[in-house]
Every structure is written in C-alpha cells, then in structure tokens.
C-alpha cells in the first residue's frame, strides 16, 4: 500500500475537499503515527473507493454518514467531521438538523439529542 | 390519542403513500391488536411529526432511514419497508445499493453484506 | 465449576420458576452439549448471582430485562423468554406492552415495533 | 407544533417534575437554539405521549430508562438525568444500583461498569 | 475496480482458502447480482487489504472476527462463516467455544447464548 | 459473596497481574463505594470464572477483549485497560494495532479510528 497509487492521490484530494479544515486534519494526525496504514485505507477505500463513486452526489453521501454516525451513537469525532463537511458542501444548517431529526424513530431520541448537542458545537464554527 | 386528529389523518395518508403495499400493511397488522397505540404513534409521530416535515424531500428521508436501518443491523422489516418505499418514490435500484454501500466504513461490511441480501429480496418484488 | 454448589441448586430452582416452560428449557437444551459451562454460568451468575439479589422484586427485574432485550434488538430468544417469565410472575399483558412502549424514545421505534411483534407471539401462548 | 397544546403544557409540567434540576434544564438548553422542535417532541411525545401513560408508575418507567441507557452505552447525559429523576421520585441509591447491576448479563459488564461510574457522579449531588 | 488486479487475485485465493465451502460461496452468490462491487471490496479490502496483512496469523484473525460478530449480535451469517473458517484452519471446537465465552462480560450473556446456538449449527457440519 | 472464597483470591491475583497499574486500579476504585459487589463479580466471574479458564492463553483472551471493546464503541476505559494488559503480557504495539485494524470490516472504520486514537494514548505510557 506504500507506493502512492493514482487512487491514493484522487482520494487524498477528496479528503482535503471534504475535511480540509480542523476536523479532518485532526483525524489524520491522530492516526498517522499509531497506524499510518489506516490513513491510507481511509483515503483509498472510504474516500476513493466509496465516497467518490457515481450514483449519489457528495452531499447526499455526507447526509447518509451523519445518519449512520447518529445511529451508532459513539462515533462522535466522525459525526462532527461529517456535519462540517456537509456545511462546506453547501448544506444549510436546517438541512443538517432535519437529517438528524429524521433519526428519532430509528436511532432513538437519546442518540438524536446527543447528536444535536454536537451539531451545535460544529455550527458555532460556521458563520452562515 | 383515540380521537382521530387532523394530524392522524394526514399521517395515515402519508403511511399509505409510502408503505401502501405489503410491507407497510404487514407492520401495521402485526401491531394493531397487541398495541394499537403504537400504530397511532407511528402515524402521528414518525409520519406526520417527522417524515412530513419540510426541509428535506421524502426520498432523501427514505435514504436516511435505509442508512439508519443498515447501521442498526437488527431492524430488518423496517429496512425492507424503506427500500420498498424508496423504489415507490422513484429511486433507482442502483441508488438504493449506493446508499447501503455508503455504510461500509461506518456500519461495517457485515451489516452492509446482510442489508444487500435483504435488498435483493425487495428488488425481486419490483420489476424495473 | 463442576461440583454442584449450593448456589447452583438455588439458581436452578429460580431458573425453573422463571423459565420452567418451553422457552427456558429450549435455551438450556440448545447450549448443554456445545458449552455446558455456559449453562452453569447462567444458573450461578445470572440467576443466583444477580436475579436472586435483594433490593428489587423479581417482576421488576424481568421488566428491566425486557427493556434491555428490546434495546439490544438482536436478543430475540431472550426477549421472548423474559416476556413469558413476566407473565408467569403475574404481570398483565398491558404491563408488558407498556414496558416495551417505554423504550420508544431510547431504543427507537424500529426496535419497539419488532419487540411488539415478538410479544404478540408470546401472548398467543398465554390465555389471560 | 408551534401552538402550545394542552398536551404540551402537561408534558412540560412532567418534565419539570422529573428533570427540574440541573440535568434536565441542561438538556433543554443545549437543544433549544439548534432545534427547538426537538424540545417540543421531547415534551409532547416522550413526556406526555409515553411517560405519562397509565399502566406503570413513574418510578418503574425511570428504572426502565436507566436499563435502556445502560444497554445503549452511549446515552450518558440521559443516563445521568434518569438516575437523578429516579432519586427525586424516591428511589433509594441501592435500588438504582440494583437496576444497573441487573444489566450485567445483557448489556455486559463493561457497560455496567461505566454506568456505575456515572451513577457515582450523580449520587454525589444527592445527600441521602 | 473492474480490471482484475493482482490484489484481487490474491484476495480471491484467500477467500477460497478460508470460506471455500458452503458459507463463503453463499455470501458471494447472494451479493453478486445485487452489488458485484461489494464482492470486489470484500476480496480486495477485507481479504487482501486486511486479512492477509502480516503481524497476526490467520487463525488469530478469525478468532477476532468471531469475537466481533458475537459482540455485534446481528452478524449471523458472518459469525457462522468465521466459525467454519476457524475450524478449517485447524482450531478445535473447544477453542471456538472459548472465544465466544470470553465475550460474556463484554457482549453480554444474551449475545453469547445466541452465538453458541449458531456455533452448534456449524459444528454439526464438521466431524472432528 | 462477602466471605472471600478461594476463587476470589485467585481472581484478584489475576486482576493484579493484568491490570495492576493505573487503569485497573482506577476501575476498581471508581466502583468500590458505589457497588462493591460489582468488584467481586469482576474478580470472581470475569477474572477467575472466564479469563483464567484453560483453552486459550491470556494474551489471546486480551486480544479478543480489545476486539469486543472496539466493536462496542463505548467501552473506552475497558479498551484502554485491555490494551495496557496486552502490552504487559508481552504483545508488541504492532500486534495491538493489527487486532484493532482487523475490526475495520466488522465494527466499521469509525469505531476503528476512535480505538486507534485511544491506543495512541495508552502507547504513550509504554516505552517499548
């Protein structure tokens, strides 16, 4: 995995587009000395292998990841990173709130309540 | 909750639009004698209270529910019902598959693999 | 663990009291040749070690286990066994339904909907 | 949902009775500017729609929510709020501990261990 | 992903070694018409990208997957496939049972109880 | 459970061997005044009842617990305690990382990413 492939370069470009700011860099920095291969997996698999696929636009994909992180409950840094990415891609704050609210009958109200509290933190870093 | 409100009538209309076929009716029939109030909660809260809100279109909401059910892993009848509803609302089979595939790095490959197997079952009941 | 202790005898008595019928025996029979030690753990730890503790009555404990199984989503044979045990201990069907309904805002509506469907199956084996 | 209904007023009264102190207010304040509708859903659905139903007393309902939050593992602010509410309703500390301990064989020992650590934090704010 | 890479060929060889029998083929067949790309992801990422890495032997990796599937609770076809693969790699039935039993205090006894019941089914297809 | 049995003494010895340092003591201290019986259950059941069983070596058992905690997502203090115990038992840092990486396709990449971040914290307390 060490020789940089074309997939890696394209995946990295997408990672920077979506998570170029604080949240994404923090994720990568946290992991690069404990397990640099996992950064590669994120870039090649999660970004270029899945996120970059045709068939759904990037913002819909970010909404789906917000839904999944809200449902998992414990994926807090990822939830914040994907809320941030959705806003960067042009989502309104109201749309992000609706995505999380939609989880109420599935992930449960406790998961939604906590996700909304994290959402508030991310919103404070975005003017809009 | 027993007097039928306007919210109830509108919610029921939406339930029939989304789940009018086999899957939705089955859910309601399964529950109506063990707990009719839960059918009311589904109609008034999940349908009229959440699903009918402005801010996101119905198909995006169905995609989010497919993402959540895939992540939960055990919400099998609901996963099938929402795949069915997404197709009824005009989603292509490829879009539904992409929604589930997007969960690979969050819900994990086992959850995605099982969700795709259930997807196949629902697809067989839709011509397209 | 092989010499039968006093704890084991008392735990087995409690297991028979709570799950003496079909559901409990089935659980034990399923496991006794693949892992008899797990049956012992169930008897000594789950029954005599936890269930038999003072401080809460048996029916409240069964309600708590129904709540936990509903929340887990995948603990289906256990959910059925504890609904059956609650009814044996004198719970009304309405109380069991209320316990599960109480989970709606925490375990989510999908988990509650599925738990109610399993509840219906157990209710059909109880006259009341 | 914006016109205050009778359900809303009764639900708010119950919310204040159960969570009138620090934990409950904090939950509401966290959410009221990011999503005021979710506060309404909590008041009208979780409080007046479920918690206020007949068939189980309020303390049993709080115990069930403690069981569910312990099982979820990630619902930490909610776990603390419901432990606080149970004590306000007259539960002894020993009863709360028993409720959590009862989860050992279902939610697992790690979830119970963490829940007991949070319990300790809440207990320190109650004299008894 | 459609041109077959060297990674794909090596990953497929490993998939056949581990899951050559009924369980593995069934998984692949279930998915190949609904989403052939997911089969490729399984081969290239899960097999060649992770399973084939140095640092842990294949049997330890299978034990870890059995642990994870037991903890997830809903990953039933995967649990069976990995129990089957562990036995093919030379694990004794007692070792597989110990792996699952080790989960009792983490995944909980209900998850362990169900996993042991599935284990029994797989054991019946292996002479030993 | 209050009279100290031979099982208790042996279990305590094992607890000290595995978690003698900061993480283990902290777990015990957190719980001993809120629920001393849970410390006993940990010592007698989790340690002497499961961990000390024959059939798998201690390090393999620690790896399985790391896998389970990574999959649960919310069992953070336990994840750290078991990474620490694995290193004490002679595991290399690379082995611990491989155990967590093996979870990518099952627990999902978000759970793995967070587990690796916690791993880094524990590694900083071990020279190697």
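In this document, chain identifiers A, B, C, D, E and F correspond to the written order of the chains, with residue numbering beginning at 1 in each.
The rule we apply is simple: a contact is a pair of C-beta atoms (placed from the backbone, for glycine too) under 8 Å apart; a residue touches a chain by one contact, two chains touch by 3 or more.
Predicted model only: the values in this text are computed from it and were never measured.
Participant: Could you let me know which interface, A-B or C-E, is made of more C-beta pairs in contact?
Facilitator: A-B
Participant: Measuring between Cα centroids, what's the chain most distant from chain C?
Facilitator: A
Participant: Any idea what the CA-fit rotation angle from chain B to chain C is, to the nearest 5 degrees?
Facilitator: Value: 120 degrees, nearest 5.
Participant: Can you spot which option in D-F, B-D or B-F is basically A-D again, with over half of the contact pairs the same by residue number?
Facilitator: D-F
Participant: State, to the nearest whole Å, the distance from the C-alpha centre of chain A to the C-alpha centre of chain E.
Facilitator: Result: the chain centres lie 28 Å from each other.
Participant: When the centre of a chain is set as the mean of its C-alpha atoms, what distance in Å lies between chain D and chain E?
Facilitator: Their C-alpha centroids are separated by 39 Å.
Participant: Which chain E residues sit where two or more other chains touch them?
Facilitator: Within chain E, the residues that touch at least two other chains are 41-42, 45-46, 69, 72-75, 78, 97, 101, 104-111.
Participant: Can you check the complex and tell me which residues of chain A touch chain B?
Facilitator: Chain A residues touching chain B: 42, 45-46, 50-51, 53, 55-56, 60-61, 63-65, 67-72, 75, 78, 94-95, 97-99, 101-107.
Participant: Report the residues of chain B in contact with chain E in the complex, numbered from low to high.
Facilitator: These residues of chain B touch chain E: 72-74, 97, 100-101, 104, 108-114, 116-117, 119-120, 123.
Participant: Which stretch or stretches of chain D touch chain A in the complex?
Facilitator: Touch list, chain D to chain A: 27, 30-31, 33-35, 37-38, 41-42, 45-46, 69, 72-78.
Participant: Touching chain E in the complex: which residues of chain A?
Facilitator: Going through chain A, the ones touching chain E are 1, 41, 45, 49.
Participant: For chain D, which residues are in contact with chain E within the complex?
Facilitator: That would be residues 104-111 of chain D.
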